[in-house]
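A, B, C, D and E are the chain letters, set down in written order, and residue numbers restart from 1 in every chain.
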Amino acid sequence: MKTVINEQERRNFAREVESKLHDKLAKCYQCGKCSAGCPVNFEMDFTPNQIIKMTELGMADKVLDSKTIWLCVSCNTCSTRCPKGFEVAGIMDVLREIAVNRGIESKTEKEVQTFHEVFLDNVKSNGRIFELELVGKYKLKTKHLFRDMFLAPKMIEKGKLKIHSDRVSNINQIAKIFKDFE
Amino acid sequence: MARIGVFVCWCGSNIAGTVDVKKVAEEAAKIPGVVEAVDYKYMCSDPGQNTLRKMIKEKNLTGVVLAACSPHMHENTFRKAAVKEGLNPYFIEIANIREQVSWVHEDKEKATGKAIDLLKMMVEKVKKNKPIEDVRVPLTKKALVIGGGISGIQAALDIANGGVEVILVEKEPSIGGKMIQLDETFPTLDCSSCIMTPKMVEVYQHPNIKLYTYSELEEVSGYIGNFNVKIKKKARSIVEKDCTGCGDCWNICPMHKNVKSEFNVNLSERTAIYVPFPQAVPLIPVIDRSVCLHFKKGGKCQKCYDACGPKCINFDLQDEIIEEKVGAIVAATGYDLMENSLYGEYGYGKFKDVISGLQFERLLSASGPTEGVVKRPSDGKTPETIVFIQCVGSRDPEKGVPYCSKVCCMYTAKHAKLFAHKVHGSQSYVFYIDIRATSKGYEEFVRGTMENEGAIYLRGRVSKIYEDNGKLIVKGADTLSGNQVEIAADMVVLATGVIPKKGSDKMAQMLGISYDKYGFYTESHPKLRPAESSTAGIYLAGMAQGPRDIPESVVSGSAAASKILGLFSKSEYEVEGTIASVNKTTCVGCFYCKRVCAYSAISKEEIKDRNGNVLKVVANVNSGLCAGCGACVNACFSKSIDLKGYLDEQIFAEIKSLAV
Amino acid sequence: MKLAYYPGCSLKGTSFEYEVSLLKILEALNIEIQEIPDWNCCGASAAHSLNHNLSVALPARNLAIAENNGFGEVLAPCAACSSRLKTAKYEMGSDDILKKKITDSLEMPYSNSLNISNMLEFLINVAGKEKIKSLVKKPLSGLKVASYYGCLLVRPPKVMKFDDPERPVTMDELVALTGAVPVDYSYKTECCGAINSLSKPDVVMALTGKILYDIKEHGADLVVVACPLCHSNLDVRQREIERKYAERIGLPVLFITELLGLAFGFSPEELAIGGHMVNADKVLKKIS
Amino acid sequence: MENNIVEDVQNAQGDKEYPAGGAKGEDKDKEPRIIAFVCNWCTYNGADLAGTSRMKYAENVRVIKLPCTGRIDPLFVVEAFKKGAKGVLVSGCHPGDCHYTSGNYHSRRKYTAFRDLLSYLGVDINRVEFSWISASEGNKWVSVINEFTNKIKSLPGSSDIFSKK
Amino acid sequence: MEKMNDKLQNIAKKLLENKEVNLIIGFTKGSNPLRMRSVFITEPNDVSKLSFNAHCVQDLAVFLKKPEVKKFGKIGIVVKGCDEKAVNTLIQEYQLSRDNIKIIGVECRGVVKQNLADKGEDAVKQSTVYDKCLVCEVHTPLLYDELVESDEPAFEINGDIKPYAKIEELDAMSVEDRNMFWQKEFEKCIKCYACRQACPLCYCTRCIVEKNTPQWIETNIEETGNAQWNMIRAYHLSGRCIGCGECERACPVNIPLMLVNEKMARDVFEKFGYKSGIDINAKPVFGTFDANDFNEFIK
């Protein structure tokens, strides 16, 4: 578990995260309240407070390839209870974004990453979510073709899955938003 | 016409080595108004001072300038010498040609030139000097102590033992403060009441102490040596002098349910007529009119009245206002604990077995609601596992306060220790962030709790508490192992942070002392004047200043007392005469001066005509309070306020002397 | 004031029951709403997970359209949508540069003035408790109802500014108005894991299972929610959870609008309660 | 010992003539006059410390002592300029250390606005310097004086609205 | 307009009749219809003199500092939003008691520049009003006892005219150029003190310029003294000036005084987040401090 700190890299990474987060990593005093209340902590490889410290120490490789950042369900329990008002959930967003920008594919939590990507593709092409297409594409990409399969017929029967998509009519504007911010 | 004498000191070679002192004296003699200019080897020596005195007398000098070392060295020496010849001491000015010239410059020519400049500045200044009389303030040698907790008690006793009269005002029906609610005290584990009650009794019996309990400060005016205070003595409904404290009244009171005992922090009930605890001082009950049936039901119930042998219950008693004049005040108003209900995630108020540290003290105490047996408030069962959570509200800028409450680490360690002593085979878990145990014997104490009593310390906070089948499921983090832990506890004790007593900001405003953003009173200087408030004559003690433990509170009480005894050792209080004064003719009453005055030394004064009609309102400087900083002078647009000794005119003269 | 309605994708798809019941009770309350013209997906959790700016820009388009159509108040019944809209408003309110970038991209003027309400806020503030109470024709006496708030209605408090984040009461108050008995339990604001429903089903089932079994233990007859994602996890995945933990739950999960609808006297059919995966018939017999 | 000193002094005095009034005379353009308004408790003591430590610094500064930064009226700066000072230094206790608790805070506010005003009216703001120098910062006093003196010397001989034509 | 005048007169009448005030200071039509002047009314029957229009330029709050006016005790005053801020500041600075003043606020849509009005200009638009009207945030007064709403529409601002544009220009100049600019302006000063007389906030009974021990400001008419006078006045108004522009209007030699006052107001707001005349209970910016105040210029 030894880490040799490279000062320049440490600063660069910490600064990048801080500027995107609009918050200071040094605010965290490692009380662990975020980790204690995290509902998905049991699956994580690093606790949220460890992620914060590791980011401060510039351990970009470990942090950006951690399970933690993809397992976070953005429930905001951590940020809400943080005694220092640190954006704990926010740093997970920032780290995910940096990971994607750096082209890092999560080794362990590929599904989560893929789901988000497929979801955004769906928004990009329709402006709204077409659930059947979303599920289909996701399953095709992850090859989890049969997972949850038993739910589908009943959902269609109940009218929960629509066969046709509802598109935004001014789809050009959606395309522009994606172009401007992607 | 000014008659200025100039004395240039050589300071051996210290000055004369770099500055041509003869030349300086020669140049000085040419300045208009200078009647004599001499140089001398050591001006501060006896012969030097004698030369000065002789010259003042012979030449009938109206002002003296010494070109010598820093005024911080010998200004006083020369002033004293001048006074002996009948010259007002403020007619002595010093041109600092040693620290500012000879010691810091090497070029003799330039150094001499600068020395002449500095001398000229002072000559011009002294020409504009005016005599200043130091202000003498009479002292009323009586002290007021606000707050009857341990620090207030200590202050009162020390002052009283020094032979000075003390008035002690306590808001609650009994003195004793928070300390009397504690069980045993860290790190020695001596019982709080055992060491506290003798002191309380001593206060009660002391011939120099006048005790007003169930009383509040209503108004304060005046200044050091001369405060006028009004104390509201709330109606106890008891004729105090007749009461024997026998208890017949509170034993018969029918209101013995639903009124929570403040002393036992809501863990037990009390009657409507009650003493807060059996060792109360004075042992005189009080009727809580908000719950008493007599007051609520239109006088129907008077069971206590009937039971009272000496017939000292009087339902008609009213609040009384008592006026006192005192010379000094100690503000020892103490502290409160933070509201635990801020933390919804901990379920305080929802789960009966989540309690505060002070409640746990009461459960441990032999005089408490369970007579010292640790029992759960929910079902009376003895808990086997207790989780202690530190830093509840402390170090939490989001929901609580950012500062450390200082005592929680220690009292939690004490709680865990006492719990282990009382319940064999029990287990404590303590969630902490850092352990702060820095006084004598403290670190050893905490280590003992871990190593000898088996308390398990986990470094991390608790996020949430659930109830499950009569157990409290505590979900916390252990950041050292990097794990999320769940502990099934029987009871949870929150180490709640310390905040200033409710209303301490109002109290500070009434006293005219400054306080920080939390409401803690601020010291005059954080290091060198920790016992003094920002206002002369008002001293601070105890937790009202900030979190501190019992020994520190006692020390601060004694410190305040010794300051007051020192103050009262003189017959009058002397203030340097270099204070602000107002030109009331031109003052227009905008009171910017009042706004910037850190000493509340400026008040509004009404100027009236013969018929008593207010013509205008102007600023007035209270010489007892003014510290002479001059901030008011800067604040004044019309230049209607000036600072004696540093008049605008004098500063201008100094600048002008430098005109190039 | 004109009230804008932002349905979001779920209400037009998997949670159509929510919209049906919502429209019914608004009709009863005599409140008129208008769908934001040509609204788009708020980006839900995917956008903020991958691209912060996009996560503000997508909801901003809806807000800008609503504002330019003269609306002052938006109802976003989906807790996730309301959270994204509120977050977008918050972010643009605190980051002028981002706001400018977004308005430039949208090519629409935008002043960030709209008030955004989630379903519960809307019912309490716009409809009002008095009015709701007055419309209760068929009190649901005897029914024990657990309110499940989840995350997005209350967290983070500085953005949502709604109820107590640790001990919320709004939904319980609404339940009480219907004559049903609110049931208190431990996991009211615990997360169901919604956003990873498809990608981490095991995790989600563990989280959702904990909540459902706790509600069951506290003796509730049914659960009410105000979020389609919560509903999906609690309702759609309930059978699977029962199978995984081999213990029956059988808790119907209703939208708060459906519960109010029942109390207002609408039939389960009118409220599309049949659209749920867990059958509510048995429980509803208790009140009929 | 003492004799030596006296001798030294006498030798040093010699017959040299010093220009009357010190820095006056033809050198005055080369050696700009700097007036320092300092508080009695921190900066004045800091300057004394520089002296007792025998640190050396530029001779240009003339110190005017006031009780507190709170007493140093911004208008003194104007007066100093009018009387020919090329630079003005204002120095007092660090924030939080004011002997009178808040004098420096009040002054800081005023000087913030006053500087803006001066600059806006065409006064080279480089000519006014502010510093917090504590009683223990003799070295800081020296460096502030030296740096400020150098800065003043480097400034073009600009005129300002307060100097007579 | 007529509706406004009616309402104004009714309010004034009621206040006088009920003895709520002893004097009302307001506007009345002058000899020239495009010049409004001040009027002092003590009799309910005289209220018909009261009138308001876009030529009511003067800040009547200036009269509140006069002893002749103070004598009346309870006073009612007609104020536009900008002028009302002067009333607020006077209350803040204890020159006026809130209990003794009835503020009759008029909603103002902007006032026409006097020089244009004198040429017959009557229309309120961005090219005819004072710069202060272009930056005005208080078309409706902040504090009032009675309010007379305007029945005129707000004029349009399309950004073509940049109010106080010279400030940015000056900011961008070199120190020497700024020095030149102001030297030229202050050269004109004849020390008539009209600026001071017109200012509602210059209420000192003995002005600093009249103090001679020491002499803060040279009284003879020479540039140094002139510059010093103008700079000290600006310094004394920093954080206080409410931007009514009366000083500049009163200046017989047309020194652009508002360029200084407006600049200082902007700086004070930027550095301390304070705007003057907004809140009668606020602490004046130079009567208080914050431990975290701007510190960057201090070594």
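Everything that follows uses one rule, which is that contacts are C-beta pairs under 8 Å (C-beta built on N, C-alpha and C of every residue); 3 or more make two chains touch, one makes a residue touch a chain.
All values derive from a computational prediction rather than experimental measurement.
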Third chains touching both subunit D and subunit C: B
Which of A-B and B-E has more C-beta pairs touching across its chains: A-B
Innermost chain, where centres are averages of C-alpha coordinates: B
Subunit A and subunit E: spacing of chain centres that average the CA atoms, whole Å: 56
Averaged-CA centre spacing for the pair subunit D and subunit A, given as whole angstrom: 59
Subunit C and subunit E, separation of their C-alpha mean positions in angstrom: 53
Distance between the centres, which are taken as Cα means, of subunit C and subunit A, whole angstrom: 22
Residue numbers of subunit A (touch at least two other chains): 42, 77
Sequence positions of subunit D contacting 2 or more other chains: 74, 79, 102, 106, 110
Per-residue multi-chain contacts in subunit C, two or more chains: 165
Chain pairs that touch, as defined at the top of this document: A-B, A-C, B-C, B-D, B-E, D-E
Residue numbers on subunit B that touch subunit E, as the complex places them: 585-586, 588-592, 595-596, 617, 635, 637-640, 648-649, 651-653
Residue numbers on subunit C that touch subunit B, as the complex places them: 164-167, 186-187
Subunit B-facing residues of subunit D, complex: 2, 5, 8-9, 12-13, 16, 18-24, 28, 31, 33, 35, 44-45, 47-48, 50-52, 54-57, 59, 62-68, 70-74, 76, 79-80, 83-85, 99-103, 106-107, 110, 142
Subunit B residues touching subunit D - in the complex, by the definition given at the top: 10, 12-13, 16-17, 20-23, 27, 30, 70-72, 96, 98-100, 103-118, 120-121, 514, 522, 524-525, 534, 578, 596, 598-599, 627-631, 633-635, 643, 646, 648, 651-652, 654-656, 658-660
Residues of subunit A that touch subunit C when the two form their complex: 20, 22, 39-40, 42-43, 71, 73-77, 79-80, 89, 93-94, 96-97, 100, 109, 111-112, 114-117, 119-120, 123, 126-129, 131, 135, 138, 142, 147-148, 151, 154-155, 158-162, 166, 168-170, 173-174, 176-178, 180-182
